[in-house]
Amino acid sequence: MRLTPRNTRFFDLFARAGEQVRDGTRVMTALVTAAPADRPALVARLEELEHAGDASVHAVMSALNTSFITPFDREDIALLASRLDDVLDELEEAAQLTVLYRVGALPEGVLRQAALLERAADLAAPAMTRLASLDGLTDYWVGANEVENEADAVYRTALAALFDTETDAIALLKVKEVLDHLEEAADAFERVANVVQGIAAKES
Amino acid sequence: MRLTPRNTRFFDLFARAGEQVRDGTRVMTALVTAAPADRPALVARLEELEHAGDASVHAVMSALNTSFITPFDREDIALLASRLDDVLDELEEAAQLTVLYRVGALPEGVLRQAALLERAADLAAPAMTRLASLDGLTDYWVGANEVENEADAVYRTALAALFDTETDAIALLKVKEVLDHLEEAADAFERVANVVQGIAAKES
Amino acid sequence: MRLTPRNTRFFDLFARAGEQVRDGTRVMTALVTAAPADRPALVARLEELEHAGDASVHAVMSALNTSFITPFDREDIALLASRLDDVLDELEEAAQLTVLYRVGALPEGVLRQAALLERAADLAAPAMTRLASLDGLTDYWVGANEVENEADAVYRTALAALFDTETDAIALLKVKEVLDHLEEAADAFERVANVVQGIAAKES
């Protein structure tokens, strides 16, 4: 049972989880532009990151169970860890499907989704390092909502283009499932921002 | 920081959110019977209602952060706001897809789903105005469960009919996604009733 | 309002819910190996179990509202009841779709999914009877995670085989939805184990 004034362990764990998520979006961009033959190695890299993400969640949960004092509400800490992990889960799922379904070249819309996920991660990762000071968290939340709105628009455009151009129903199903998981990843980033916003509101 | 005996702000916000949801089901019925060319204007109206719904959730969340005394458990208040919002999210999504996918005439089953969503809203909206008195909330919950069971049956019948009659897989996929979102809206109404039931059980 | 030292009611309810879930996995195995004409009777049996599962959740919720002392955190008790119920919901859904969609013979992968769900239930049901003593719950959690990883692999293999062999998009859609619900049932078993793990961590 540890009883330290600010319990910096949690801040360290969230900073690390933020970096893992950022790395995940980089691998996703590499994957959606790679030749199909190069995808399996990138999927393996995402699987590693996803396992590291699981380990971060478990570390947060055990820290919760052995900490008498926590910097925020226990539920918010558990929720933030689990929401960050959701991002990596969706990225891994999207990546695995490109290999499992032997998808050919991915359409332009998927590349634009991946680019927006990088932007979302570039907002989230530094925000995770500012949880201790609570600095700039409102800016993060506003920026995250803007990126999420843009991601929604990109997803819809990609979906409409897919249904307009793909006449093979099975090929359409495969690409649609990749688009759907990347859209889920964008939603997961928004939920991370909402948890942070809730924490900031309570602390202010 | 406000400290009023009953904190009527929350009751006002839920009454308003109940009306927004009811309006949403009316627009959905208009949309599923409208000619495809008239759908975009109705989608725009649903988007407005969905944004108003988001604003209601945010108003509830800030009221929670600035209220010392709340009429029910804080988690139940947050959950109720978010469950009501889920209904509008699903309605908006279903509506947008009819335009995005350029769906032609919608099958009979979709009209029956929309009619049941109106009935669910006609139970939910007045229940939101009775949260202060807790009057008739058990009747609401029983009625909501009946409507949900009927909605499930209508959804299954619509799904079976679609797979029996539609031989174009891509056309089938489009209509199935609309059916699925309307079924999600019915489930979201049931979850609203479950949160209210939980509140009533604790207070009684 | 009852105030008994250990409040054994909750333990009895969870033991019963564990058995209902185990029965559900048995019916599912019978269903996936049955001739299509024999499926409706097995679907009816799963619907009964699912209703019994709903009754168990309601019994837990009313016990929570009338108990002054509970053996674990109230939220964990409510969550565990609801997670157990999720398993039966997914089994029922998968079963109903085989009839609704008039699916023919199910592929080998579905049989392997059903066998793994039985194994998950054979770990979960006895764990529900050990909640009072907290004995062997870590072993349960480790075992449940192993089964879940195996279930993931089986699901992916089944999905790849389906996309490799089924050229009729509508037939593919039908079987894919059954596979998806059985995978959701496996995920639901994992979430049951995670709730139990959380309870055990707090109590130790």
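Think of it as A, B and C in the order they're written, each chain with its own count starting at 1.
Just so we're on the same page, a residue touches a chain if its C-beta (ideal position, glycine included) is under 8 Å from a C-beta of that chain, and two chains touch if they have at least 3 such contacts.
No experiment lies behind these values; they were computed from the predicted model shown.
Student: Quick check for you: after a Cα superposition of subunit A on subunit B, what is the rotation angle, between 0 and 180°, in steps of 5?
Tutor: The C-alpha superposition of subunit A onto subunit B needs 120 degrees.
Student: Counting residue numbers used by both copies over all numbers at the interface, does the subunit A-subunit C contact come out same (over half shared) or different (under half)?
Tutor: Looking at both copies, the contact residues mostly diverge.
Student: If you average the CA atoms of subunit A and of subunit C, how many Å lie between those two points?
Tutor: 28
Student: What residues in subunit B touch two or more of the other chains?
Tutor: Correct list: 169, 173.
Student: With touch defined as at the start, can you tell me which subunit A residues reach subunit C in the complex?
Tutor: 61-62, 65, 96, 100-101, 169-170, 173-174
Student: Under the definition above, what is the set of subunit C residues touching subunit A in their complex?
Tutor: 156, 159-160, 163, 167, 169-170, 172-173, 198, 201-202
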